[in-house]
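Once you scroll down, you'll see the structures, which are given as structure tokens.
You will see two complexes here that share subunit A, one where it goes with subunit B and one where it goes with subunit C.
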Partner chain A sequence: MPIATEFEYFAPASVRETVGLLSKFKDKARLLAGGTDLIVQLKEDVSKPQALVDIKRIAPLGGIKVQGKFLRLGALATFTELIESTVIKSKYPILWEAARTVASPGVRNRATVAGNICSAVPSLDSAPALLVYEAVVVIEGPKGSRQIPFASFITGPRRTVLAKDELVTAILLPQPGKHCGAYVKLGRYAGEDLAQAGVAVLADAKGAIRAAFCALAPAPLRSAKIEALLSCKKCDAAVMAQACALLERELAPISDIRSSKEYRLHMAGVMLERGLKAACSRLKGEGPDYGKHLI
Partner chain B sequence: MNELKVVGHSSERVDSLEKITGAANYVDDLNFGPELLYAYLVESPCAHAEIRKINTAKAERVPGVVKVLTGKDFPLSFGLYMQDRYVLAQDRVRFVGEQVAAVVARDPKIAKRAAALVEVTYKELPPVLNQMDALKKDAPLLHPGLKAYKHVPWFFPKGDTNIAHWRKTRKGDTEKGFKQADFVFEDVYTVPRYAHCAIEVHGAVGLYDASGRLTVWTASQSPYTQRNVFAEALSPLGISHKDVRVITPYVGGGFGGKAGVSMEILGAAFATKFKGKPVKVMWNRAQEFYNTYQRQGVEAHLKVGMKRDGRITAVEHLLYWDAGAYVEYGANVVNAVGLSATGPYKVDNIKIDSLCIYTNLPPGGPYRGFGYSEFCFGMESHLTRIAKKLRMDPIEIRLKNAIKGGDTLAYGAHMNPNGLSKAIEEVSKEIGWGKKEQSSDPDKVIGKSFACFWKAPAMPPNASSSAFIKFNEDASLNIMVSGMEIGQGLLTSMAQIASEILTVPVSKIRVETPDTDRNPYEWQTVGSHVTWGCGNAVKKAAIDCREQILDLVHRTLHLERESLYLEDEAVKSRTKPGWELPLKNFVIPGIQAEDFTFKGGPIMGRGVFMPEFTSAISDPETSQGGHPNVHYTTGASGLTLEIDRRTGRMKVLKVVLAADVGKAINPDLIRGQVVGGMLQGLATVLYEDMRFDAKGRMLNPNFTDYKIPTVMDAPVETKTIIIEVPQPDGPYGARGVGEHTMIPAAPLIANAIEDALGVRITSMPITAEKVVAALKKEGKL
Partner chain C sequence: MKKTIHFKLNGEKTSMDVAPNDVLLEALRANLGAKSPKCGCDRGDCGTCTVMINGRAVRSCLILAVEVEGCEILTLEGVSKGRIAALQRSFVKHNSFQCGFCAPGMIMSLTELLNHKPTPTEEEVKEAISGNLCRCTGYTQIVEGVMDPAVSKKR
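Up next is the complex of A and B:
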């Protein structure tokens, strides 16, 4: 389908120049990095921008590298780069596991993690992992740079804290301690699919548990109550029953064309249990390899 | 018969290199030069409305727009079996997405922009979005003019209702049959709509030249039927059959969706307005879903009576089809099912009612299986359920009732020879029937299932095939047929049949996709009939060549006619060992006689095949008296399913399908059909789920939310069993198998779920979510 919308195309060389363009065009501008969402929206006339700001030539926005106490994912880092990164695989295995479930290889070759979080869809696969790793989002705007926790970056379905003249330049991941975990995703089949539910579980060596969810509420969320219930306990049937009851209060799934809220909630319980089991056995050096489907 | 050297062997596909390297051309790959015009459609946002006004002024003013076309430009109806469809909507729209107007421009972007400026004023009418609602007394009439529509003589529309066709079949006395039964079981099965999802979307490019010649390039299974429908629909413009030429390059998947004429009429009709300039219409993926054909939904009420020994005493099958806004092709699906909805069983007392019902959803139409998958879901679920109630083996029940050659069919004609019983027995062995399997994972259970299938091609009684074969100087061959290569390997099997007779190797034979000016007539490539029909025509054409060759050698070289035969690209004689005359020496230049003159000339053969024993005319109240179907292909299948009882997620561990193909012309191609067809069938039951909103708009015309399987979803093992009970009128005994490989998939899944979990699901699709819901309802989760 042809792109019928006429727009001005910019390829700024710096973040500063980009912010200038965003300040000028405000919500009439769209940023182009991977373009895997944007191009489809342009073809379908869902998005009709006046300016397309292509940030792919801004070299400092690329790469995955250690920056102080953080691992820095540049705004141009693609899911494929993430999956091929040995640091991600060894230090942030839950994010690695989640990245492999995003779309298909062709899309992952172009789609960026930063673009993914900016879409702010409830089914954001990268979100549960970024939440349990307590990621920080670096934002640039006319007034300079600011950093906010990823947990408060998304404010609702397709809404973020970004102002119209701001862009995400990087995602920072704090160094985690020894841990294992799992990302469990519900799709309609084994092929690429949007998450109908996603659960990330992180278990550290002391038995503390972190748990985060996507596609089960208007925005991805991490649940302190679930974590408190599950931390430092043997997760037997009684505890899991309590957890399932708690999930009903903590989560707010919807029914849509992809799934019913009842099935989503039911699966959230099964996925949490299987994620926990995998995380705990991986801690002991047992359990399934990362990347293996747990449901 | 001598041992076959080519037929029955798995020759490599003649088109494999072209396709693997990406060299094969499809309609969208063809280059039409700088004069090419592009059409973009204005579509109805309403499921049912009157068109009050169309204002095209703003769109016409856009630079680059050549013309805006509306229904007024084409006061034409068309249709294959019933003329109820329009090039562009006339005074009324009947589904969301129906074509109302078209902007034709020099650039696709301009056409799209201008289309947004066409203003259409609608008066909304109440839509009918369900076939059961369409039958209500106060339901709005979708086609008030139904009574006057032209249609084939075997359709029975009910004027002033929404029933476009009602096929009634009556045999014996079902009341008596149910009285004889020890057990009578009734239930309702529902099957939703489905989409073909061919990877190549529909497209058509039309060119009307200065001489009045209309050439249309299409992605099609039916070039000749298209030529006929184009010529008939456009005859008011002074166009006749001789003027119309259809060229069909490779097709990226058909599955029935590219049979007949749907959007291609636009390419043909639009071209007539722009003499000398080609006009291109390509569908996008969304249009591919909502404005070609969809597989029709059905609500099937099934009642079966059975004796305690497993004999079926009576079948009543009442099928309500959601046929959509236009039924010009879909009504024949309804018709086919109305003749065959017993499944492959000998039943003495039969009552089938198959109703084709208009609704304000996209037009229904042909889809691989042609209605048989839909009724098979109910019938094969039902038999397994009855077996359980009678504490009988479901395979034993099927064996007991399996139809045999010579048995009387529902409409009174006799069944063709078949190997159904053998298929049942072989599948039973291969799937390990009776052996329970257990998963090592405590959350997983394993179920086994069984289902039979049958299907006949649904064709007009005079559907014919023809072929030309031309020899070249080097004794290579060009075969011209209009059977379409739609992935099944037709070009290869036709080459094999000619090769067998003429002893020219397949590598020296070129068979290409048709151009109706060059290639002779073929009705359509549908109904799994081309290997049989077109194969017969090619075989006859090859025999025609051979006879010309042997006659020529006999009359010029005075060799005994009966002693002559072909071998290794040469004529040989049984009475003159060591003598041979290579074909390449004479098939073009002829043979030089003793007086130095030349005899013969280019060898070219023709073959025509028409099933002369068929007739579609029968008693409309009983369907007795005709012979509508040429033959049925039968078979059996079994499946092993692993189910996670906590998530409902399923994995097919093994599926076995045995089909009686009569003769496997190319066994590898049949295995390909089984792997692909079974996966397509499993997709309709496990994943595909078409949804509409309360206003009739399709919610998932995309692969984001309409899921077709990937290789990761394929069964762990797919096993093909080829049964060969020859079809007496088939080439080397062959009959069709293309569609059959998906027909039993849905009941296989439903039966396996019941075997493993004890819950029965009677509506498709059967998703993981539905399994969990069923378990929760039964208190099992």
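Up next is the complex of A and C:
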């Protein structure tokens, strides 16, 4: 299918140039990185920009590297780069596990993590892991650079705090302490499917638990109440029953073509339990390898 | 406004005039006669349009032609240049395709896998083609085609 909208194409060489273009075209410009989401929107006339700003030629936006206390994922880092990164696999295994569930290799070779969070869809696979790792988003605009916690980056379905003349240049991951975890994704089949529900669990050596969810509310979310309930406890049937009751209040799934809200909510409890079990047994050096389907 | 872009297609220097909204898949097929990538879903779901850019299997229906300036593109025509590749021969032997519509995309995805892992496990093969749909074979024959020792030995 051809793209009906006619637009100008720019491939700026710097962030500053990009911000200039965004300031000039305002909401008539769209940023292009991997394009796996954007090109579909263009084909379907959901998006009709006047300018397309391809940021792939901006070298400083690439790569995964240590920057001070953080690991910096450049805006151009693809899911494949994440999966192939030994630092991600060893230090941020939950993010590694989540990256492997995103679509299929042909999409992951192109799709970027930054693009994923900017799409801000509720089923965002990278979000639960970024939430439990307390990621920070680096944003560049005409007034310079600002950083905000990923937890407040997404404001609703397909909505973020980004102004029209701003772009995400990197995602920063703080150094986590010793921990294990899991990302549990429910899809209708392996490969290519969006999440019907996604749950990330992080358990640290002291027994503290972090838990975050996607496709279970208008925006991905981390739940302090669930974490308080589960931290430093033996997760027996009684605690899990309390957790499931709490999930009903904390989450707000919808019914859509992929599943009903009742099913999503029920599975959230099942997935939370499996994630917890996997995380805790991985902490002991047992449990399934990262990347094994837990559901 | 059209723009001339330069890149390599199957090892040969190529250029073409493209509009900003031209999609790579159509440009390859219509302008350059590379007909192996097929348009199945046109929205990134089926993998029949798979080509390699700089050694990575990607979906040409989700890429604009202008984006490939300076890149190296490989299509099935390039993989089988001059002779049929071992994987293709194995596909014939194992009946790994029926209508054949998915086959070029399958072979491109699998070529990327084999380049990185010359002797993949069955699970890795399934993962590599998890984004390539086939409506005919039921996939078993495709996996068998890759697992044939002739494929890994040849490489």
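Here, the second predicted complex is superposed on the first by the 295 of 295 C-alpha atoms of A that agree within 3 Å, B and C clash if a C-alpha of one lies under 4 Å from a C-alpha of the other, contacts with A are read in each partner's own complex, and residues count from 1 in each chain.
Here, a contact is a pair of C-beta atoms (placed from the backbone, for glycine too) under 8 Å apart; a residue touches a chain by one contact, two chains touch by 3 or more.
Worth saying up front: this structure is predicted, and the values here are computed from it rather than measured.
By the touch criterion stated above, A:103 is placed in contact with subunit C alone, subunit B being left untouched. In the superposition on chain A, contact of A:27 is made with neither subunit B nor subunit C. In the overlay built on the shared chain, the residue A:194 is in contact with subunit B alone; subunit C does not reach it.
Once the two complexes are laid over each other on the shared chain, residue contacts for A:248 go to neither subunit B nor subunit C. When both complexes are overlaid on chain A, the residue A:1 reaches subunit B and subunit C alike. Within the superposed three-chain arrangement, the count of touched residues of subunit A is higher for C, of the candidates subunit B and subunit C.
Touch criterion met: A:35 reaches subunit C, while subunit B stays clear of it. Of the two partner chains placed by the overlay, only subunit C lies in contact with A:9; subunit B stays clear of it. In the superposition on chain A, contact of A:52 is made with subunit C only, not with subunit B. Residues 1-4, 190-192 of subunit A contact both subunit B in one complex and subunit C in the other. Those residues of subunit A that touch subunit C in the shared complex are 1-9, 11, 32, 35-36, 39-40, 42-44, 52, 54, 56, 80, 103-107, 109-110, 190-192. Residue ranges of subunit A in contact with subunit B, taken from their complex: 1-4, 188-194, 257-260, 262-263, 266-267, 270, 295.
Every residue of subunit B that touches subunit A in the complex is listed here, in rising order: 108-109, 112-113, 116, 284, 644, 646-647, 649, 686-687, 691, 699-700, 704-705, 707, 709-710, 712-713, 767-769, 772-773, 776. Taken in their complex, subunit C has these residues touching subunit A: 1, 3, 19-23, 26, 42-45, 47, 50, 56-59, 61-64, 66-67, 69, 109, 112-113, 126-128, 130-132.
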